[in-house]
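Structures incoming, each one as C-alpha cells.
Next come two complexes, and both contain chain A; in the first it sits with chain B, in the second with chain C.
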Partner chain A sequence: MWYALLVLLYAPLAVVVVYSFNSVNSSADFVGVSLRWYRALFADDTILAAAWNSAVLALVSSMLATAIGTALGYGMYAHRARRLGWLIWLIYLPIIMPDIVYGIAQLSFFSRLAAATQIFDLGLGTMIIAHVSFQAPFVALLVYSRLVGLDPRLFDACSDLYANAWQRARFFILPTLQPAIVAGFFLALTLSIDDFVISYFTSGPESVTLPIFIWSAIKRGISPEINAIATLMIGTVLAAAAITLAFQYVRHRQSGE
Partner chain B sequence: MADAGSGKTGWRATGHLLGLVAPGVIWIVVFLVAPAAYLMSIAFMTNGSYGLPELPFTWAAFKQLAGYGFLGWSPANLYVVGRTLVQTVLATGLVVVIAYPVAYYISRAPARLRPLMLLLVVVPSWTNQVIRAIGWMNILAPGTPLSDLAAALGLISPHMGLYPSQFAVALGLVYNFLPFMVLPLYAVFERLDTAQIDAARDLGAGVWGAFRHGVLPQTLPGLLAGTVLVAIPAFGMYVIPELLGGGKNLMLGSLVARQFAAASNWPFGAAAALIMILATLAGLVVLRRLGRRLGGDAGVML
Partner chain C sequence: MTQPSSPTVSPDTADNTPRADTAIRLRGLYQAFGADAVALAGVDLDIPAGSFFTLLGPSGCGKTSLLRVIAGLDTPDAGTLHIGARDVTRVAAHKRNVNTVFQSYALFGHLDVAGNIGFGLRMHGHDRATINDRVQKTAAFIQIDNLLGRRIDQLSGGQRQRVALARALVNEPDVLLLDEPLSALDAGLRSRLQLELLRIQRRLGMTFVFVTHDQDEAMVMSDYVAVLNEGRIEQVGTPATLYERPANPFVARFMGHANLFAIRARDATGLTTDFGRLAGEFARADHVLIRPEIMTIHAADAPEVASAGDNVIHGRVRERLYRGSRMEYTVAAGETELVVVDDNRGQGMFEIGAGVALVMETTGVVTLDG
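Up next, the complex of A and B:
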C-alpha cells in the first residue's frame, strides 16, 4: 500500500520529467531521448526573464517577511499577558482566506490605487507586497511557537546579568531564535514558490514569473518545452528536499552522540 | 508579567509592543484588510460601463449571483456553487480515506524511517501547484495508456481523454491536499494511547467498537485540523478546476476570477467572493462546534 501511495504521489512529477526529454511533441508517444526542448528553453529570453523575476520575488519577499514576521512573533510572545486576541485574528486572516479572494482583493485595490496615485502599478512591487502579507504571519507563528517552548526564566537570567535590551537581543534572543528564523525564511521561500494565484492577480505585464508563463502557455496545450521548465522547477525542489534531509540526518547524528 | 523579565510597564511596554508588531500589523492591515474591505464594498456597487464598480450601492450583484439576469432566472450560478460544495466534500472525504491508513502506517514504522516517510509524502506539495496539475494533464490526456484503458472499459467515449473532466478535478484535488491531512493525522497517531484500545477489547468491543471508542476519539483533533486545512482551500481552489476541469466544470473560484478578467464585472465577482468567504467562515464555525461536541481538544483547532 505504501508503494502504491508513492506511485500516486510521484507519477505526475515523473511523467513531466520523462516527457520533457521526448524527442517529439506528444504526450501519448515517447519516441526518443532528446535535449531539444531544453536548448529551446535556454535560448528563450522571455523564459529567462520569467526565471529571474521568480527568483527576485521569492528572495526579496522572504527576506522582508522574515524580518517583519520575527518582530511580530517576538512582540506577541513578549506581551502575551495582554489581550492580543485581535492580533491573533489578524495573523490568521491571511492563512484562512481563500487565495483567489486574496488575489482579486489586491488586484482591485492596487489597480484602483494605481489609477488614483500613479504608484502601486501592478508589477513585481505589488507582487512582493502581496507575498510578504501572507508569508509574515507564518514566520510569526513559527517564531512564537519556538519562544513558547522556552523557559521564561531565561529572560530573567538576562536581566539578572544586567543585560540591556540590545545585549539581550544580540546574545540571547537572536541566537535562540536562529533555528526558527531560518526555518521561517525557508517556509516563506516555499510559500512564495508554491503560490500561483496571488502572484497571477497582482502581476503586471512586465513581471511574468515562471508559473505565470507556464499558465498562459498551457492554455494552448501542454508542450514538451513546458515539461522541460517544470522539470527544472521540480529539480530545484528535490534538491531542496535532499538538503533538508541531509540537515536532519546531521542533526540526528549530533543529538545521538 | 507584562513583558518577559524586563519589568517594563505602562506606556514604555506599550511602545515596546507597538515597535515590534507595528510593521507586521500595518503591512497586513494596509495590504490585506483594506483591499478585502474594498472588495466587500465593491460587491454592493453598480457595474459601470467599463466593467469597473460605480456608485450607487445596490443588491444587483447578489441578484445576478442568485440567477436573475437579462434573460430571466437561470440556475447556472447556483449549479456552480453546488458543484463546488460537492467537489469539496468529495475531495475531503477521499483525502481522509487515503490519509488515515497512511498516517497510521507511518506512525507504526521504525522511528528512524518516519521523518523520511513524512518527507516523501510532503515533497510533491513543495512544487508549484500549476506543475502538479501539468503532471495530471500529461497522464490523463487523450491517447495516454490510462485514457485508452478507460475508453476500452467503456468509461469514456473513445478518443476522449480523462481530462478535462470532473473526475480529473477530484483526482487533482485529492493529490493536492493529501499531505495536509497526513501531517495532522500523523501527529495524533504518534501519541496514540494503545491502552485505550486494549481496554475497549477487554470490555468486549469488536474491531469496529475498539476503533469507534478507542482510536477515533483520540485522532479526532488531527482529523478536524486536517479537514480545515483541506476543505477550506479546496472550496476556494482555482488552479486545479481551471486546468483539469475544462469550461464545463466551472467551480466558484473560476467564476470569481472570470469577473475580474475577461467578463469584467467586478461587483458580481466581489459578490461571489463574499459568498465564498461567508461559506468558509461557516465551515470553520461548524467544524469547531463539531470538535467540541465530539470531545476533541479545541486548542488544536486554529
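Up next, the complex of A and C:
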C-alpha cells in the first residue's frame, strides 16, 4: 500500500531523470547512457540566461524574504497578546491565496505602478518583489512557531542577566531562531525555484526564468533537454533540503560536547 | 494574645529612609492585570539584609508577581521599591543587581551549561578569562563542575535546578530571588536540596527571597516568612511566630492548624466554644487555636484526668492514624472534633469509639481575630 503510494509519487520523477541520460532523442526507447543533452544545455545561451535569471531571482528574493520574514515573525510574536494581535492572521492570506489569483493581482498592481511612476517595469525587479511577498509569510510562520514554542521566561531571564534589548537580540533571540531562519531561507529558495505562475505574470521580456523557458519550450514538444533541466532542478531542490538538514544536524552535534 | 512580629520585618509606613540592614523595602505595591485580576493589593514589606526570607501563600496569591516587581520584570501600578538605599521602582531589570532562579529554570537551550552560567558576566562585558574563572569557581561551589560542557537537554531536573542557581549566583547579586525552585523535584531530592540551599545562603550571607506554597518548606528554611493571601501580606515573622502565634485564622489554617474554633461567649473565668468550656483568662477575640502538641490524651478514667483541674475535654475517638513515631487521633467533643497527637512510647492505641479525655496547658492556647 505504502509502496504503491511511493511509486505513484516518485515514478514520474524517475522517468524524467532516466530519460535525461538517454543517448537518443526519444521518450519511448532508452538506448544508452549519455550526457549529450546536458552538453546541449550548457551550450544554449537562452537556457543559460534563464538559469542565471532563476538563480538571481531565487537567491536575492530568498535573502530578502528571510530578513523580512524573520522581522515579521518576531513582530507577530511580540504583538500576539495585544490589541492588533488579530492582524497576524493576514499573514496567511498570501499562503492560502491561489497562485493564479495572486499572480494576476501582482500583474495588475505592477502595471498600474509602472504607468504611474515609470520605474516599476515588469522584469527581474518586479519578480523579486512578487517572490518576496509570497516567501516572507512562510519564513515568518517558521520563525513565529519557533518563538511561541519557547518558554516566555527566557526573555525575562535575559533582562534578569543584564542583557539590554540589543544584547538580547544578539545573544539569545538570533541564536535561538537560527535553525528556523536557515530552514526558512532554504524553504524560500525552493518556493522560488518551484514557482511558475507568479513568475509568469510578473516577468518581463528580459527576465525569462527556467520554469518560464520550459513552459514555452514544451509547447514545441518535450525534448530530452527539458528532462535534463528538470533533473538539474530536482537536484538543486534536493540539495537545498539536504543542506538544511545537514546544517541542523551539525549544529546539534556542535553544541553537544 | 497575638504578638507583634520582629521589629526588623514589621513595615513602618511612616519611616521613609531605608535602614542600613534592610536589603529590600516595599511600600504600597499595587499591581493589577485588568480590573478583576489584582495580583498585588498594597504590599508593605522590609526584607532584612542577609536573611533567608520566604514568601509563602497559596497558588495565585501574588508571590510570582511580587518577585517580578523586585526583579524589575514588571513595573508596579503604584508603590515604591528600594533595593539597599536606592529607589529602583522605575529602573529597568537589566540595570538591577538582582538575579532570579525561575520556576521553570528558563535555561538557554542554545548554550551549554558553562555558556548559561557565564551569560550574565558576558552581558556585563567581562573578559573571557574572568568569565571562565568565575564560572569554574561557582560550578565547583555548586558541585556541577563536571557538567560544564553538557547541553541543557542532557540534564536531569535536579541538575537543571543547580545550573539555574549557579547562573544567578555567579553574578554575586545583592539579592537572589527564587521562585518555587524545588517544587518540580521529587520528595527525596527536594529535602536534600532544601538543606543545601540553606547551607549556600549561610555561607554566602546573601539575601535570599524564596517563594513556596509549602508551609513545611517555609518553616524548615526561613529566617522570616511573609504569608501572602490575595495580594496582601497577612503576617510577617519567624517560623516559630507564625506557627505558635498566627495573627489570624487564614495564617493558622495555612500553617496547618486544624483545631481552630469560633468563640461563642467569653467572661472573666473563661470562654465557651464548639467543644465546650475553656477556663482561664483570655483576651477579647473571635477564634481560639489549640495546637495538638499542647494536649495529652488519656483514658477517660485515668488518674491524670482527675488531677488535671478545669481544662479537660471529654470525648470519643472518631479516627486514628498510625504515623510510626506518633499516633494522631480525631476526637469528637461537644459539637465538633479536635485533632490530638500522642508520642508512640509503646503504650498501644486507643480504639475507635473509646471514651477519652484531653488535658491541655492553657498557656499554649492562642486567641485570634478575623
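As a convention for this text, the second predicted complex is superposed on the first by the 235 of 257 C-alpha atoms of A that agree within 3 Å, B and C clash if a C-alpha of one lies under 4 Å from a C-alpha of the other, contacts with A are read in each partner's own complex, and residues count from 1 in each chain.
The definition used in the following text is that a residue touches a chain if its C-beta (ideal position, glycine included) is under 8 Å from a C-beta of that chain, and two chains touch if they have at least 3 such contacts.
Here the structure is a predicted model, which is why all the values come from computation and not from measurement.
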| said: Quick check on the superposition: with chain A as the shared anchor, is it clash or fit for chain B versus chain C? | reply: fit
| query | First (chain B), second (chain C), both or neither: which does A:167 touch? | reply | second
| said: Contact-wise, after the overlay, does A:176 reach chain B, chain C, both or neither (first, second, both, neither)? | reply: second
| task | Report, please, how wide the angle is at the C-alpha centre of chain A between chain B and chain C, in steps of 10 degrees. | result | 90
| task | Considering only the touch criterion stated at the top, classify A:144 as touching first (chain B), second (chain C), both, or neither. | result | neither
| If you stack the two complexes on chain A, which partner ends up touching A:156: first (chain B), second (chain C), both, or neither? | both
| query | Once the shared chain is lined up, is A:1 touching chain B (first), chain C (second), both, or neither of them? | reply | first
| chain A residues in contact: does chain B have more, or chain C? | B
| field | chain B versus chain C - smallest C-alpha distance in the overlay, whole Å | value | 5
| message | Going by the contact definition given at the top, which residues of chain A touch chain B in one complex and chain C in the other? | response | 156, 158-159
| request: Mind listing the chain B positions that touch chain A in their complex? | output: 1-7, 13, 16-17, 19-21, 23-25, 27-29, 31-36, 38-39, 42, 98, 101-102, 105, 112, 115-117, 119-121, 123-132, 134-139, 141-144, 175, 178, 232-233, 235-239, 243, 253, 256-257, 260, 266, 269-270, 273, 276-277, 280, 284, 302
| Which positions of chain A touch chain B when the two form their complex? | 1-2, 5-6, 8-13, 15-16, 19, 26-29, 67-69, 71-72, 74-79, 81-82, 87, 90-94, 96-102, 104-110, 112, 129-130, 132-134, 136-137, 140, 152, 155-156, 158-159, 165, 168, 190, 193-197, 201, 210-211, 214-215, 218, 222, 226-227, 230, 233-234, 237-238, 240-241, 244-245, 248, 252
| note | Given the complex, residues on chain A that touch chain C span 151, 153-154, 156-164, 167, 171-172, 175-176, 178, 255-257
| said: Show me the residue ranges of chain C that touch chain A in the complex, using the header's touch definition. | reply: 68, 71-73, 92-95, 98-100, 102-104, 106-112, 119-120, 122-124, 149, 151, 167, 171
